[in-house]
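The following pair of complexes shares a single chain, chain A, combined with chain B in the former and chain C in the latter.
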Partner chain A sequence: MSQLFPMKQVLGFVFSILLTIIALAVYFLDMSFAVGMTILLVTAFIQAGLQLVVFMHAGETKDKGAIYTNVFYGLIIALVTVFGTLLAMVWDM
Partner chain B sequence: MDFFDRFAVPHPSFAIYASMAAIGLTIIAVIAGLTYFKKWGYLWREWLTTVDHKRIGIMYLLSALLMLFRGGVDAIMMRAQLAVPDNTLLDAQHYNEIFTTHGIVMILFMAMPFIMFFMNFVVPLQIGARDVAFPRLNALSFWLFFMGAMLFNISFVVGGSPDAGWTSYFPLAGTEFSASVGNNYYMIAIQIAGIGTLMTGINFITTILKMRAPGMTLMKMPMFTWSALIANVIIVFAFPVLAVLLAMGTLDRQFGTNFFAMDNGGMDMLWANIFWVWGHPEVYILILPAFGIYSEVISTFARRNLYGYTSMVGSMVIISLLSFLVWAHHFFTMGQGAFTNSIFSITTMAIAVPTGVKIFNWLLTLRKGKIVFTTPMLYSMLFIPLFTLGGVTGVMLAMSAADYQYHNTMFLVAHFHNVIIPGVVYAMLAGLHYYWPKMFGFMLNERIGKWTAWLLSIGFVLAFMPMYISGLDGQARRMYTYSESAGFGPMNMVSFVGAAIMAIGFVLIVYNIYYSTRYESRDISNDPWDARTLEWATHTPVPEYNFAILPDVRTNEAYWDAKKNGHVLFKGEFEKIHMPNNSGIPFIMSCIFFVWGFSFIFSLWIPVILTTIGIFACMALRSFEQDHGRYISVKEIEETETNLRGA
Partner chain C sequence: MKIDNSLPLEYSTEENSLKILGFWIFLGAEIMLFATLFATYFTLENRTGSGPTGAEIFQITPVLFETILLLTSSFTVGLGIHAMRIGKQKAMISFFSITLLLGLAFLGVEIFEFVTYVHEGAGIQTSAFTSALLTTLGTHGAHVTLGFFWGLFIILQIKKRGLTPQTTNKAFIFSLYWHFLDVVWIFIFSFIYLKGMM
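On to the complex of A and B.
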């Protein structure tokens, strides 16, 4: 039975819908900009990770080392780019 | 008539009409020639539909050489215009267009395809594979690049060229200051070529990670393959940035958004920022494969293994990371605070350290080596001192406070040519001489080759060293003329002479190809340079399956082991070989992309919609197509092998 029913995927699907609803709530509920942004960022990163692991099957093959290294590397570059840009364009202007 | 007005060149001149006629005549001549000699079928079967990495590589090479001449003509015109004060050879608008297209053509349509050529031709051979991981995607990459480049090149006869610099900074590049379609060409043509490059990146990372010969662990890969791997990793992380940037630029120019506008909440300097987030890694995408070629050439002709293999690999990994951390050094003067500038100053200077490690490794490889002075080696020996000079001026520019003096002067122009010409271009030429026999079965003439190397170097020094001085004296870049009292005249005259000598050098390369095709001996071995890596272990010309039996690898110099230490490379019997089928879809799809791009540039929305449907139709066709490739039988392999061995 456990092989026939894709428990992981169904739970992942439910969870990803949940994350979407939380993100959507930011628009409908009344909250400060900072709180809203924090919620959006946190749900977005969890959502991306979820999609990668559950639906794009990262970590299920033997080259998961290479895959996670790449994801990690990409994450670092993305963060550096975003914060570097904020620093140069906004914070230190 | 209004409809056709937009295709006219806004600033026509005799030269432009002459080029229109020349382009027209060339196209007619090519079509007539192909028809007369009945070569259409051959062209279609053997080249336009090929998925063979070697042939795709050669097409990259031809495109790169073509573009080298296009960009070279631009360069000579610029130097001629600046040779004397108050010159009127070109007016300001033409000068703007020429330095813009020169920069883009040289970096994106000359240097990039040149490294793509090396990666395509060499990497699968060097890792003992039969092709790349996704051969058809590879063909699509090439054709997208090619169509992007051609689209860009027609800009100067249809509608006008971009004129806001290869960096295309907003707000200058926005519609307010650049109303003509020129800068639409920039956005769309580079976008199309860039998508192709991104696909190459994914393709080669997969190839190198998954398709190495048995026994070749990562740390046993030849150095060029390592450099290609790292360059492709940078491509995959940098080119999406370019794609998004160009899309935002397109939206601003054609759909009225305000990303880079000065008001309405736009940020005019954001373009410069994102451009360099891609732009700085891009220069390392160019230089790392060049380093890889030097590593191969230097160890081959010093007749010894590369010194410091691990530190070579380590320094490239560090460079790849650092190359994403330095971009703001291109706009130290933009107005951000000293704190930000200091951070980017330090990261920039840090990048000189791994680069220096590599230089020392090459020097230590030469020490105790038995140096053979062939043409590729000569280029490498000229590279080391000249490139080091460029690196040192780079560190000067990296000091943000001092950069207020150097920025946007000829000093900067001297710096980047000083790293790109001895660094990238010499590597391309060294590699061209080195791999020519493997591609075509004869060597390029050594005597002409060495003359070329020396002429280029003398020309280079004369052309670019004076710019350091005139730059420090205050000559700004991208100015179409200067007055006599500025005193820049003599120095610019020397530069012009240098540029003319370099032009002779480039013509000599063509002459060398012609001369060697006619007179050089066809009787050469598979390994004319006595080299060390696997690409020399197979026959010349390389059979389509590369290796009849996949090689067995023990060290990073597998072929050298086989030659000197009795290692057996090819064990076992022939087995049938699985190869991919040719396909016309990549070519057709890219042609549709060309029409799509052209229509988009001129805002002709109906053709844009139709071609978009066409592009998706091609993709759908591919998805539903059943194509499992074909097999080469053992009998065919035996025949090919005996023929090649006999020859």
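On to the complex of A and C.
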């Protein structure tokens, strides 16, 4: 039975629940918008990285380089899209 | 077909490795798709017109349920892949079934949430905010719905054909998709719900 629950994945799951609880602090505790957003950004990106490495086995085979390059490419386009839009449409710069 | 026994079954042929790499490229495109939806949402989130604001309609309880359900389902599909790699077909099918049930429960909560929004006067046409919100949530929900049926067919095929290089490859790719949906949900949870209720 215990071989069905590898330590790495169980710890990954516990850690992801922990990150969710930390993120919930912005709802249950009073804090400034800047502090809250910092907490959310940190917990969300750690959580995404955790899924990628622990659960999606991104770095396991010889395609590791291509997989990470592709994910980072997608991520860069995503960040440019989101922050570019914020700059032009919301922050009025 | 050349089978490399040093690798897990789902990677064991050249074609299998390429299919997994190809699916990662698709996920890269999905990251960009959701980025445009988030960009639209952030632009329109304060354009509520005469409709309700996020703080007025978001409720922590259903959102927490959805988050726990999806996080747990991501864990169980990971366990399913682990069971598959050690050749335990029954355990794998059980984990995949649990995953799909959790996914179905997630969809149930999300549908309940959408019905509540519409009752509270936040339909898709109410304001720019509700349009962007429901389009973003709906796109994620549609992905989960597709994933549910995809997973169901994977289970049926494995029951019929057992663990072969082909079926394990399909199951592994499905697990990538499912984990990816969990990642997207984390961003929805953080930057739509929690940010909106902060």
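In this section, the second predicted complex is superposed on the first by the 87 of 93 C-alpha atoms of A that agree within 3 Å, B and C clash if a C-alpha of one lies under 4 Å from a C-alpha of the other, contacts with A are read in each partner's own complex, and residues count from 1 in each chain.
The working rule: contacts are C-beta pairs under 8 Å (C-beta built on N, C-alpha and C of every residue); 3 or more make two chains touch, one makes a residue touch a chain.
Note that this is a predicted model, so its numbers are computed, not measured.
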{"item": "Partner chain(s) touched by A:Asp63 [first = chain B, second = chain C, both, neither]", "value": "both"}
{"item": "More chain A residues in contact - chain B or chain C", "value": "C"}
{"item": "Partner chain in contact with A:Leu24 - chain B first, chain C second, else both or neither", "value": "second"}
{"item": "First, second, both or neither for A:Met89, with chain B first and chain C second", "value": "both"}
{"item": "Partner chain(s) touched by A:Tyr73 [first = chain B, second = chain C, both, neither]", "value": "both"}
{"item": "Overlapping contact positions on chain A, where the chain C interface meets the chain B interface", "value": "63, 66, 73-74, 77, 81, 84-85, 89"}
{"item": "Chain A residues within the chain B interface of the complex", "value": "63, 66, 73-74, 76-77, 80-81, 84-85, 87-89, 92-93"}
{"item": "Parts of chain A lying in touch with chain C, wherever the complex brings them together", "value": "3-6, 9, 12-13, 16-17, 20, 23-24, 26-27, 33, 36-37, 40-41, 43-44, 47-48, 51-52, 54-58, 61-63, 66-67, 70-71, 73-75, 77-79, 81-82, 84-86, 89-90"}
{"item": "For the chain B and chain A complex, residues of the former touching the latter", "value": "209-210, 233, 237, 241, 267, 269-270, 273-274, 277, 321, 324-325, 327-328, 331, 334-337, 339-340, 343"}
{"item": "Contacting residues of chain C [partner chain A, same complex]", "value": "7, 11, 17, 20-21, 24-25, 27-32, 34-36, 38-40, 42-43, 60, 64, 67-68, 71-72, 74-75, 77-79, 81-83, 86, 88, 91, 175-176, 179-180, 182-183, 186-187, 189-191, 194-195, 197-198"}
